[in-house]
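Structures incoming, each one as structure tokens.
Below, chain A partners chain B and then partners chain C, in two separate complexes.
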Partner chain A sequence: MTAPSFRPVRRPGFAPLLALAALALAFAWHVSVGARTIPLPVVAEALLSYDASVFEHVVIVDLRLPRALLAAMVGAALAVSGALMQGVTRNPLADPGILGLLIGASFAVVLVVGVFDLAAPALIPLVAALGAVIAAMAVWGIAAAAPGGAMPLTLVLSGAAVTAFLAALVTIANLLDEQSFEQLRVWMTGSLAGAQGGVMLWALPWFGAGLVVAFAIARQVTALAMGEETATGLGLNVGRVKALALFAVVALTAATVAMAGPMGFVGLVVPHVVRLFAGQDYRQIMPWSALAGAGYLLVVDVAARMVLAPVEISTGLVTALLGAPIFVWLVRARL
Partner chain B sequence: MSAGLLIRLDGPVTYALPVHALTVLAVLLGLTCTLVVASLMAGSYPLEATEVVMTLAGRAPSDMAQTVVWQFRFPRALAALAAGALLALSGATLQNVTRNPLADPSLVGVSQGAGLAVVAAMVAWPELPQAMRPVLAFGGALAVAALIQGIAMRRSGGATMRFILTGIGVAAFVSALTSAFLTYGQIDRALSALGWLAGSVHAAGWGEVAVLGGALLCLAPALVMASRPMAAMRMGPEMAVGLGLRVGRTRMALITLSVALAAAAVAMVGPIGFVGLVAPHLAHRLARCGVGLHLALSAATGALLVGAADLAGRLAFAPVQIPAGLVTALIGAPLFVWLLLRTQARASL
Partner chain C sequence: MTGYNNSDAPEESAASCLRVAGVAVGYGDAPIVRDVSLDVPDGALTVLVGPNGSGKSTLMKAMARVLPVRSGEIRLDGRPIGAMPTREVAKRLALLPQGPIAPEGLRVRELVAQGRYPHQSLLRQWSRRDAEAVEAAMQAADVIGFADRPVSELSGGQRQRCWIAMVLAQETDILLLDEPTTFLDLKVQVDLMRLLRRIAKEDGRTLVVVLHELNVAAAFADHLIMMQDGRILAEGHVERVFTAANLREVFGLEANVLRDPASGRPVCVPVVTPDADVMSRIAAQ
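Moving on to the complex of A and B:
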């Protein structure tokens, strides 16, 4: 990472270039590591002058590259949506997993794929988005109706309740239909292994739209993070920004769930790390979160494949193992 | 205690008999007996109520009825009841000690700690005797409880809501670790652990019943002895100190007791969620009474709850069996939300 800087106005220096270089390195490392380690020069060769007769080139382009791209996209999407949620709800504990969006999206997907047997790849991101929106509204509605309003504590608790309820329903749906259970079991722990090209392509527009909206409202989110009164005083249409933020968060969450299943705590961890060096300006936090999230998930995925090789741990488990202690630390430090 | 009957003995002693609460307790026990008979009747080999009663009395109408009742359905029903009672007592104790209405062994990571210890043992040493499981579960649960206490207690005393949030974080960590164990372990061993993790009594036999009943018999007297300090703890740490209680020590002892209760249940039937949350609250709404009687009412409610959940899960989608833990989660999560809507969270943070 770059050196910490506390200057109020940041001039873009070498830091973004360095970060991009680091990301490229993580990407290349991710591609080269696997059941059979492929040296970096061969990776570069496969990308620059692809030769279908070389076995290693085929492995790289057909298997490793999609997975690396997926990891980078999912990491960026989760980190940006986490940063957005933390800014808009002014809640250091906000994360698509903790606030129930991931389980909502997963529940909708399980329902449609498993129970109604509609596995059209075009439909899955849409269904996931619907599920995420409903779960987000439910969690927020419960927290807002609780005494004290939608503050971090009530949001997390209502997220936990909605998660427990939907998780039980998902398990029941899986028990009733053993065949789809087999397919969905790995996916339900958050895995980058089973990415199918079709679903990935259809999730791409959601990913792009969410990212564009998130970057576009970054300035307004900075104002909103100072408090609603301040934001209104600065001439902000708070309702509109919140609606746009909800759209961005839901689109990004839906894209990740459709591609990789629920992957917890990425959206919590990355923005907090980013804030350590990028400050409180969301125009800085958003792009940095996207970069750092992509890099983080690439490295985590390498770890998930290497630590217990040849057995592969679900990437979502590793992100939970890394993220949960940070959640506990945040509870201790911020509440 | 308003609906109490005042008993005057000769001399200075008077005793208020809580008639209402005792009536409720009797009704609950009656319902539990009805539930047992119902769950012995229902299934893929249906039996009449008279047949069930005769089989239980030792005069089985047929060999088949004898086997079905004594081998399968009766131990299963008893295991559900005992596990429910244990979890309810654990939750009630935890709520009294932490003064937190949302405390539940499955929510704050205690059940998950027990689960991790048992899964790790099942995957690493499959030849380990089943009787060792409660010990392991107790160790795991106690470690997690100590960790949460240590993290949550550092700052400003009570901090009950931080306790819950810390528990949620630790629970996420521990269950991810458990899942990692399942991935790493060989698939057949992992599958037996997976079935157990959903919180199901479907495989319970007389061995499980013996362990659960033993735990209940050992720990219930300890709870009876602890009911007085618990009543003092419920009034808050300042009041408890004023009443001459060693708060720190009592707190530790009671939390250990609560962990032991939950660990025994989890070790045998897996983590059945939300019972420790739901049962004490239902008991509280059924009858207002002192701590001791409230514990008894909670135990009866918990037993009834898990028994009913198991029966419902068994019949709803037969022949597919829904683990009781999922049914209790479906009942418990909405109740948790309802409690959340009524609790002054900010006041207790």
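Moving on to the complex of A and C:
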């Protein structure tokens, strides 16, 4: 009767069900909003009993559904990779944006598509992954050369430097040749509007592989978040877990950049909000980050299309517009 | 298992579980630890002392396979520790590193539960056995009273007890603790050392502790090791090792070694030039 009943993994209860319901609602809302608002019952009808002769059903399935799926996937990928980077590096400011992976991936895509004119959909996620890895190595290398080595502060600073440098290069290229760079707008500012079906399809394996690996190493990341020596003492193979985490982060970053370009602040902010209620166990943080990231980007994308309708704001701008104040609040409240 | 004399293999059973044989650790021409050999006494509290930079933490990290050895060998149960699966090592030997920091917001229970990591896998997640080990470890380290509070909100001594509870929950025969008492008040240091001595005495576990405070080391060690410049200069029972001559040689410290009348343990008092004022007052009495 007095046997210890404590489980470090909290019993799920109703919270995940409620969260999934909220996500489904955000998804449906996202689909219903557009140039012409389609009522929610029609959205449900189109999804459950599709009729090709109904114009609204066609709009929903061909145009709006892909965009909603894209928003959910990109949000989940960014939030999970942010959570992973924060845990493995023990750096609360780590995320694919701040450490230069996003700009590295999008710069590589812009370079290859814009300058070398290679736009094969299969290549784009691969190019994005290479760009992310090279940028990550550059950021780490610059930080490691600084006095004190690759500490959280030096990493953030060198990430900012690399980001500013690559962003300037992209802007210069854009000014030199505005016409051909119009087709590259997605990869330069971050947008959910220009997703091409081909690229999305080729990004899916990267997204899936990254997500699976991230979830599989969640228990190890919890141990690693207590420091490398402690984790080694607990029997963790630190080198292997770090390599797997790097793979997952690069794959997820590559998938999001290929599909939607760089989206700032999602990976940084969402995991911190998740930790407020899910605690410090990454077996909880990973799935909650995926859910919250997906929901957050769905809502942000609705805002991007509604606030100045019929003009649409780039979703990447809105994630930063909304993310920055949330981050300021977090810094004051938690960090 | 320990101390049991098996007549078939007297050599094996007499050997200590954790042995360091001719080990060098570090890089370049001047390794931090050089040619150190050591048989860690089973079921006893061994204390490592030495001046800053003497290599005591480095030696401990090598013993815990956090740092690789450059030459020589560290053997756990007769097997080279570097060749053993790291999870298997973690079931025999636990490490509390120097100045560990818990993630912000992590609760005491969650921290202690991390000690069960090597006993779990994807298939075997959390069992009654794990819950009991965590509970027992929290009891032993006396952290039950604040089990549900975030570690970061606790005082230095309380926090250190939580970390000790974590390595206790790992249920290993051998525990290595790197400066667990540094930066704590003397009273808190003594409380922690009492706890560690109890773990060695009552559970028969093997403890190796790096300490900074010489008198605390002398008061609690069963076995004392003095290191200087990457080498072991003196090793053995406190009585034989904690001498004025050794303190001078290892630490460059001129001190008188006295005896505490209550515990019978040696105590060192640094030699200071007599204060003329004080001397004249003593003479006057």
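We adopt the following convention: the second predicted complex is superposed on the first by the 310 of 335 C-alpha atoms of A that agree within 3 Å, B and C clash if a C-alpha of one lies under 4 Å from a C-alpha of the other, contacts with A are read in each partner's own complex, and residues count from 1 in each chain.
Everything that follows uses one rule, which is that a contact is a pair of C-beta atoms (placed from the backbone, for glycine too) under 8 Å apart; a residue touches a chain by one contact, two chains touch by 3 or more.
Predicted, not measured: the structure shown is a model, and the values here were computed from it.
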Which superposed partner A:L236 touches (first chain B, second chain C, both, neither): second
Touched partner set for A:G279, first chain B, second chain C, both or neither: second
Partner chain in contact with A:G148 - chain B first, chain C second, else both or neither: first
Touching partner for A:G227 - first (chain B), second (chain C), both, neither: second
Superposition-derived comparison: chain B or chain C, residues of chain A touched: B
Contacts on chain A seen with chain B and repeated with chain C across the two complexes: 335
Complex contacts: residues of chain B adjacent to chain A: 102, 107, 151-152, 154-155, 161-162, 164-166, 168-170, 172-173, 175-177, 179-180, 183-184, 198, 273-274, 317, 320-323, 326-327, 329-330, 332-334, 336-337, 340-346, 349
For the chain A and chain C complex, residues of the former touching the latter: 3-9, 90, 92, 219, 222-223, 225-227, 229-230, 232-237, 275, 279-281, 334-335
Partner chain A, residues of chain C touching it in the complex: 61, 64-66, 86-91, 94-97, 100-107, 109-111, 113-115, 117-118, 120, 122, 125-126, 128, 131-132, 134-135, 167, 170, 176
Of all residues in chain A, those that touch chain B in their complex: 93, 142, 145-148, 151, 153-154, 156-158, 160-162, 164-165, 167-169, 171-172, 175-176, 189, 264-265, 308, 311-314, 317-318, 320-321, 323-325, 327-328, 331-332, 335
